[in-house]
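By written order: A, B and C. Residues from 1 in each chain.
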Amino acid sequence: MSQIVRMFLLVFVVAFGLMYATAYLNKSEGYSGDNTLTVYNWGDYIDPELLEQFEEETGIKVIYQTFDSNEAMMTKIKQGGTTFDVAVPSEYAISKMKEDDLLLEIDHSKLSNLEHIDERFMHLSFDPENAYSVPYFWGTVGIVFHPDLVGDLTFESWDDLWDPSLKNNVFLLDGAREVMGMGLNSLGYSLNDTSEDHLQEALAKLSELTPNVKAIVGDEIKMLIANEEAAAGLVWSGDASEIMYENEELDYVVPKEGSNLWFDNMVIPKTARNLEGAHQFINFMLDPEVAAQNAEYVGYSTPNKEALALLPEDISGDERFYPDEELTERLEVYDNLGPRMLSHYNELFLEFKMHRK
Amino acid sequence: MSNGKWKLSNLYLIAVFVILYAPIFYLMFYSFNSGGSMRDFEGFTWEFYGEVFQDTRLLIIVLNTFVIALLSAAISTIIGVLGAIAIHYMRTNRPKSTLLTLNNVLIVSPDVIIGASFLILFTIAGIQLGFVSVLLSHIAFSIPIVVIMVLPKLQEMSGSLIDAARDLGASSWQVLTKVIMPYIKPGIFAGFFMALTYSLDDFAVTFFVTGNGFSTLSVEIYSRARQGVSLSINALSTLIFLFTVLLVIGYYFINRRNNRPVAKEGRA
Amino acid sequence: MDVRARNLYLVPYVLWIVLFVAAPILLIVYYSFFNVEGQFTLDNYAKFFTPVYLKMTLSSFWYAFLITLFSLLVAYPTAYLLTKTKHKGLWLLLIILPSWINLLLKAYAFIGLFGTYGFVNAVLELTGIGTKQILFTDFSFVFVSVYIFIPFMILPIFNALEKMNPTLIDAARDLGASPWMTFRRVVFPLTIDGVKAGCMAVFIPALSLFMITRLIAGNRVITLGTAIEQHFLVTQDWGMGATIAVFLIIAMALIMLLTGNRKRGLIDIVKR
């Protein structure tokens, strides 16, 4: 018995000692003070140096928390048990959050840098007045491929992915909207199509793709493609730029039938406590120099036109990531299809996954 | 037993251990890669170890993880042991089997369900997400495993042992501390270690119920892994791994020395 | 044990059961009756009986069976040999130790080891077998799953073997039984409860594996657990996720009923 008691005492002593150490570290880092700002963003989606710069300029301590899907983020914000001052959801999540009354209005008078944002990216359908959101990054969905491994295929058209020579050589990202959207686009339909016939047609077409699909994966798709585990993959443009940074042989293209145009945006969720700080932070991120540095670090496309001008020519002139207006016109933003349709998309995607084997 | 047989069986054990540790050594190996990724070893560097010690947030998270693991394992062991004793000495069968079934539900439920339902629960209860909610959840999912580890020991113990103690005039408390506890000690330790394992390993439940800047290592790794695992995580895992190996070996030998006269379960 | 003391011990445990077991189960059942739009419906149950989900259920059971089988095949000899080693307690701890390293990291390590240009393929290349696709196959999925679950199989078998009276083996030997006979007639039957406990500890979680179905199997294998995770975290169709969970809980209860000693409570198998 005494041995048991001794061990448990030891455990508690050690645990409280560690707790004290944590509290001490927290304090020395300023995390437990009043003047903090909690930023809820995708993992590694900001240049950490900028957070330090912001802290120095404003004296506000930033707590940076990450999520891995819009849904996980919304669940947390809806739950309400946590303070988040700024969050960065994608556009379809914003319309959903607006419906659920999870967002606070942004005071434009506090955002002196808002004027730097390219007009193309303002007043979009998901938030026409930009009352709740300010663009952070944007991008496309397309195909990243290894030119030496795919023969003559150029992927100018989605149909190239169906080429028999790519047997067991294609990665898809694990997203219902992206994969179903590809199926619909390749047939010439809109990726927001809700007609049952078209959806079934897309599913039938996708199941023909199954012999080529090596795997349907998540974020590890970047590592896998950079390691040349497969010749081609369906990815977001930001991932593509990272993959190409890792492996310079690869190339990225947005097929001509059209694809998705997406936006990640800064918002102030209703859980915010430090409203002043949140506005300061958003304004800070809109500063051209800051936005340029961030874009260079993250590798996604910045909507900030002044920042774009500051970026080196090899980035800003890259048509694959800063496509001209002609291409962007063929791209579509995901509409909020409503929960019922969305879950139908998911069911079809699940069916597609079950087809394989 | 013949010599050849021993060699073969040793070989088998070695193979099992090699496979069990292969991915861990793989992670450790690349933590020294100056190339910065888990392929093409380019050169040796301590860089990522330096990064670990400079990253205060990461250190705080590591400490948090251990605090949660130790506290939840200890508390769940206490509750679980008491629960197991109470269940064991129940006289009627029906409530006993009901309790046992409920006990097992958590072990076999997928983490995601546990996490989601706990999240709803904390919302209803109005508990702020953070240290407390994570600790409560870890205690909650560790209790059943402790019960399962302790019950067999109780079952094994013959009733006459307690009767004898009673006849000799021992009080309830004395029976508990002098007879039952020492006997089920291996079960208690096994339960504690399994609880620790569950807590350190858990990702899904913590992911749901954490918030307000509080994070544990597995959640942090998961969110950092979005950009491909940074090698500082490898370095950190290496450090933690070596630390636990030392701890386990140290614990084992100290324990052995203390216990030499009464070797495990009275068998030499 | 007098009743008052017993009831006192019971208080925290029962409190825990009510709060963290009974309440969540009720919540899950409650949620399973609602669709994405929050209306009361039985559709989720109807949906579960469509080919997609039935096929998924079948394949989950099949893979869980394979994983359990291979875990047992590897774990039994390991546990047996461990009981024969000198520092068996230490070795057992060292078997458990790898499970303290984050699963996601180990999965990434396996991706590196099994990849087209990974270590295993380099070895295969050297030995003249040539590069094979290992990652994203049934093999890699079962292998990694077995890897994850093996400590949970070894532990109960090891305990059962330890508890066995060694004189029984000597007796069998003295009576002229061959090693194989001794094993089949004496050792195995005496440890069957440990085997059962181990199988349960592997089979049921294997039904609900997720994450490595994507990382290692590239979504070639979709288990019920993957679907639950998707419904809760990605598609936000909590009703459907809860419905699958209800079926999983029912399956679990059935398995425990079938393997357990009915009269004495469902988990007696684990206790013995």
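Here, a contact is a pair of C-beta atoms (placed from the backbone, for glycine too) under 8 Å apart; a residue touches a chain by one contact, two chains touch by 3 or more.
Keep in mind that what you see is a predicted model, and the values were worked out from it rather than measured.
Undergrad: Among the other chains, which touch chain A and chain C together?
TA: Of all the chains present, those in contact with both chain A and chain C are B.
Undergrad: Count the C-beta contact pairs for B-C and for A-B, then tell me which is higher.
TA: Result of the comparison of B-C and A-B: B-C.
Undergrad: From the C-alpha centre of chain A to that of chain B, how far is it in Å?
TA: About 35 Å separates the centre of chain A from that of chain B.
Undergrad: Take the average of all CA coordinates in chain B, do the same for chain C, and state the distance between these two points in whole angstrom.
TA: From the centre of chain B to the centre of chain C is 16 Å.
Undergrad: Counting only residues that touch at least two other chains, what does the list for chain B look like?
TA: Answer for chain B, listing residues that touch two or more other chains: 38-39, 222, 225.
Undergrad: In chain C, which residues are in touch with two or more of the other chains?
TA: 108, 117, 233, in rising order.
Undergrad: Could you check chain A for residues that touch two or more other chains and list them?
TA: Within chain A, residues 72, 75, 220, 223, 227 contact more than one other chain.
Undergrad: For the complex, which residues does chain C have touching chain B?
TA: Interface residues on the chain C side: 1-2, 5-7, 9-10, 12-14, 16-17, 19-25, 27-28, 74, 77-78, 81-82, 84-85, 87, 89-91, 93-106, 108-110, 112-113, 117, 119, 147, 150, 155, 159, 162-163, 200-201, 204-205, 208, 210-211, 224-225, 228-229, 232-233, 238, 241-242, 245, 248-249, 252-253, 256, 263-267, 270-272.
Undergrad: Under the definition above, what is the set of chain A residues touching chain B in their complex?
TA: The touching residues are 1, 3-4, 7-8, 11-12, 14-15, 18-19, 21-22, 25-26, 28-29, 31, 38, 42-44, 63, 65-68, 72, 75-76, 79-83, 219-220, 222-223, 227, 242, 246.
Undergrad: Would you pull the chain B residues touching chain A in the complex into a rising list?
TA: Chain B reaches chain A through residues 37-39, 56-57, 59-60, 63-64, 66-67, 70-71, 73-74, 77-78, 119, 122-123, 127-130, 133, 177-178, 181-182, 185, 188-189, 192, 207-208, 211-213, 215, 222-228, 258.
Undergrad: Mind listing the chain C positions that touch chain A in their complex?
TA: Those in contact with chain A are residues 35-37, 52, 55-56, 108, 111, 115-117, 133, 135-136, 214-215, 217-220, 222, 227, 230, 233-237, 240.
Undergrad: If we count contacts the way the header does, which residues on chain A are in touch with chain C in the complex?
TA: The contact residues of chain A facing chain C are 69, 71-72, 74-75, 168, 171, 174, 176, 214-218, 220, 223-224, 227-229, 339-340, 342-343, 346-347, 350-351, 353-354, 356-357.
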